[in-house]
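Next, two complexes with chain A in common: one pairs it with chain B, the other with chain C.
Right, the complex of A and B next:
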């Protein structure tokens, strides 16, 4: 399928869906693929993509975010910020109950904050600026910060800060609490059944606080480990939704053409997955900025987007995805230019030293991308050796800085202070850990800019700081940015309003309905 | 015979413990740290979080202490706790055991029955077109990778003609009961069981054929023929029975791998069995779960080896039990 046809499909199906607003119909069940099988459903205890995709229906956060990442009410119906930007007051919805009938109150919020600080790494980082949390009454929660923290309103979605029932967890051993396997939340759907290795069933919460919602009666999450089998399951009508990333990218055009099939790339704005190559700045040829720049020029990223990713996604311009705050494309550019790459390598005195490349063991698309990059780099005279590992083995090598070039992709969580800075500031260099500054880039100016950017006010000041940081980083090339990834969700056209927020299929299906 | 069994069981326990210790160290030799895997999935990996996870897994303790805790657990039939799946290992394995046994035992029965049947025919009509046809048929399934046979089966029987479901153990959401449920599971079972069964069938066919041709040349068969016995009786009572010993040996070896040996089939057909549990545990470095599956698999191998020895005796009464 050509890019234009695929784009047409995206426009025809996904992007125009809200324009064709119809009266929602109640009832019915949908079958959705979940891959891999989540290790558990208690979001406060285990955090990964599949956990949130399923349990994002059971649990809720105080806020959710529009595709433009503006905060929207969820368990908090309103919020206000003090003039000094240090006090955030949330008014909770009244009449919200947990699935076991007990009321949801401010005490649950306080308990959740304390629990998440111990069990949820990202929440702990996000809450580092919080001085105290108080509940003056049952429906009010006040967060007081040590200093202003620009992205603070962006940390309350269900995956970043799920609300936990205090009455079921307080005073228990959290890791062996029986409710970990039969989770109780406030969300639109309740946990019903989990046949391990087979399916998870959620049923409608009849007492949900938004009257009339959810519209669906049941959600069946089908666990199908093989990518080809997942495609067949959709093709034969056994599943209705293939969330982004469920099938290999080369199957997307074929499945998109099936009858009554709609495709949308929406719903990834909050995560904004950005793919790049870690470049080990510490040793060998890659310690030289000119070699890193040569790598940027040597790799044909348009080819990767058009051929390997079937035209989906966007070539990255720098450390921020274009969907997150304070993005700028006013940065040095690195078009595909092998001649320039060769010249830079020559200037840097590269003499064919061996460079180890670690592809990402996430399936065939990534494997092919690894081969393409290897070929691009060999074409400009680099001596590349591919090291094959599984995910755990690869992570160990990257964490131990035992690599030269390694593929990765990471979420950005809507704000540079939440998902970008961690990969470039020198305080995030720590051996044995992955997904922070594993490239070993250290620049005091960048450290200061990210430190200032997180606490600066007003917004225009933050913008100025982050734009400057992006320019410096793109000039220095600490890592080689590849693509803003897009994971299209494929579904039957009868499934309406599945994706309504910037968190997409990971934000619960309370608005989804079936046009039977 | 009882003392034979008792001695073999005792030896089995010692072997099992040795396997536990060996696997304990082997698993930890593989690069990759479960705490880092989990931290990575959580989208953040600060020092405190990874340290907390190590504590939870007990990975912060010295290796000998970890081994001691684990072996002590195994001796008291406690296979530990999977922190990744947040459940006791024995519970996770028991949940998957019925599906795996259903699949592998059915496949095993299919492979043995068809293998011996085809092997007998091939030997009986050795050198004829039937022999060639059977040999080619068996070789095709032996040579083709399992995942390929599985995918082609799905393409033909699920996509093209829509006779059989392509994945799963039952029709999700149908809530069948009684006979309807049995039929539903059976329909889901056909393709994975045939895929796995046809692969092993090939080996049994070849083995039975070769063994029967060898036995047929022996003197006692000539004697039987001289006595005027019918060809059918000679084939069944004299040739087949004697030719079965190597087949039983092979079946004994195969049966030990019944639990963990169906990873590919279970993955392609989304069959909720132990093979897949083991594969996922391996990728996620879920040490306790992986070791738990190994313990169960090893126990199965030892048990089936014992059963194989007992079956030998039934097939060939000349064999005596010596521990």
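Right, the complex of A and C next:
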């Protein structure tokens, strides 16, 4: 059905658009849906998805990342790593100014690092290995690490480490700084106005350091609270772009078939959201590895991909998404095989004990998915009871370890040391959290592999370590990996080069242009 | 009752629905949650899934049958519970009068001042959605009219001579209420109850529609709610269960009307 059309569109737009070396045209305004309305735009302080999406145009990081997650220059034009992999030297771009005209210098970088350590939880973790940061001159910044940290070059993207203007924030109370409401960055677009509940308007930065860019004059972020209304807004032409996740999945095929509409799943490589089922390893039947393996065999993940996610995404093979560094598919495989699942359950001596399933309360798609998984598991003879709950209630149950099976999806941030290991090492077991090692899996060998992998050099050594870890994990099934999710971005075909990096729509629209 | 044509139609509808709920699952043992065919199969294309399939390829007809069980069961049980709560409160308030009446009626009004659907939503949300919490919350929001109706009836009956006679002969209050008064209040209560079943079915459907149904049981309201978002692609997922709700509620209303005609002597004497 619509799958083929979708695939065709993906091929037509996602893949060939960058290849067609068309001359970009300047001018025009673009209307983009933002869902939900961001709580603020000061990216150093709030980092919700919608904040990153809008503020990614205003602020910039030192680096950005290609779809293959190779570092690319942004505010830093070049960088070098010392022999012992402990000193990273960044050369900053010259002639960069803040939106208020003041020059951007190494002092701003130093200030940003200090501020983010206090206001940005993920940045604080990422910077834990940093011993000191220095600025020998105005355009050079040197990070010295306590020990080699493999993923270090992966923490400089705008959402993870946005650059903040020192001259506006130093010595002020950050929380009440008036510039939080009218943020000043170095990005291609400047904040213009925000009509709460209606739209946010950004305008072109005429003094942007890359000559000729950005091409667009205005970006209007339209705030439309209802999913059906967002679909209609696209159909009627009120908006030109529906970023991933802004309409329900089943609307995607219908909207994709509209005239002059392009769909792409690209732009999520850096985040690589991976969906899995937490399996409570601590108690009951799920403490037995064979029962957990049976769950993997019992669930028809191809069906979930084709029907529930409309063919978007990819069946996961293990703890790493295929876009993450050191991913390997040379691991034990779990195809859909109910007979094998039944045999494993029998072997494990499962006798119909009740197993509680906690779906994710993120809307229709997740609810349907919960129903399908429940049916799959019942088909092989498991006694499943669905527990209905809202997001907060579900988080509490997961945090209290009061569940047997629970849906989740988490970002992976490009490197196994940043986004993968945290879900399997025993040091990350702590009550009350909904991320990290919620399943209670504890394996000294895995602990050691992830500890070594983060600091090992060179890359080939890391690769070896992480491939080994993946094999062990997939054999043990601490959690049941479901899908690498793709949130398709739907837009009019006249919008070109909207997504050029692995960070997608969160990376600013400096390359985007309108073919009128 | 059988003399009123609308009542007969209502009764036939109800009996059909009950037959479907009781015997349907024996004839069509397919679980309504099982994915049996390709998704979005239109109705009347395959005889194995006569009403088509939903967004996951589940049999809409099986959903209708199993949904009938839940809808009718919730309707009947919650009405019974509401009667069990409402009858004694209304009877005591009407019979004893005075401070007891005041206290019980203020208590009843407390429930009446809160919009019943909003209260039901809050209760189900707090108690976690399950068939028990749904029955309990529907019962809890629908007993006040019963109490008020019974109180009014009892108030007028307790001054009758035969009740006075019972008091004079020294019978206990409980005995008088149970033997002399309550049997005479039953006809309006039965009419009210039949309408309450209809309201309860609607309430359950609305709760399920909003995603507050029992996640382990299929119901008509759930089907409408789940299909609502794809109504532009697949009308049949919502329309069939929607029609089922409509018809069964209509049937119960017709029965209520028929019962009213049959049990109310003043109306029947006027000869319709």
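Note that the second predicted complex is superposed on the first by the 514 of 516 C-alpha atoms of A that agree within 3 Å, B and C clash if a C-alpha of one lies under 4 Å from a C-alpha of the other, contacts with A are read in each partner's own complex, and residues count from 1 in each chain.
Everything below uses one rule, namely that a contact is a pair of C-beta atoms (placed from the backbone, for glycine too) under 8 Å apart; a residue touches a chain by one contact, two chains touch by 3 or more.
Owing to the predicted nature of the structure, the values given are computational and were not obtained by experimental measurement.
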| item | value |
| --- | --- |
| Room on chain A for both chain B and chain C (clash or fit) | fit |
| Contacts of A:175 with chain B and chain C, given as first, second, both or neither | first |
| Touching partner for A:389 - first (chain B), second (chain C), both, neither | both |
| First (chain B), second (chain C), both or neither touched by A:460 | neither |
| Superposed model, chain A: greater residue contact from chain B or chain C | B |
| Partner chain(s) touched by A:36 [first = chain B, second = chain C, both, neither] | first |
| Touching partner for A:308 - first (chain B), second (chain C), both, neither | second |
| Partner chain(s) touched by A:375 [first = chain B, second = chain C, both, neither] | second |
| Where the C-alpha centre of chain A sits as vertex, the angle toward chain B and chain C in the overlay (nearest 10 degrees) | 40 |
| Which superposed partner A:228 touches (first chain B, second chain C, both, neither) | both |
| Contacts of A:220 with chain B and chain C, given as first, second, both or neither | first |
| Touched partner set for A:254, first chain B, second chain C, both or neither | second |
| Least Cα gap, in Å, left between chain B and chain C after the two complexes are fitted on chain A | 8 |
| Chain C-contacting residues of chain A that also contact chain B | 228, 389-390, 393 |
| Chain C - residues contacting chain A, complex | 31, 33-35, 39-40, 55-57, 125, 128-130, 211-216, 226, 229-230, 232-233 |
| Chain A residues touching chain B - in the complex, by the definition given at the top | 29, 31, 36-37, 39-40, 42, 45-49, 118, 120-122, 124-125, 175-176, 180-181, 195-199, 201, 218, 220, 222-226, 228-229, 232-233, 235-236, 238, 389-393, 395-397, 399, 410-411, 422, 430, 432-436 |
| Residues of chain B that touch chain A when the two form their complex | 30-34, 36-50, 52, 56, 81, 83-87, 92, 95-96, 99, 151, 154-155, 158-159, 162, 165-170, 172-173, 267-273, 276-277, 280, 283-285 |
| Parts of chain A lying in touch with chain C, wherever the complex brings them together | 1, 227-228, 248, 250-251, 254, 303, 307-308, 359, 364, 367-368, 370-372, 374-375, 378-379, 385-390, 393 |
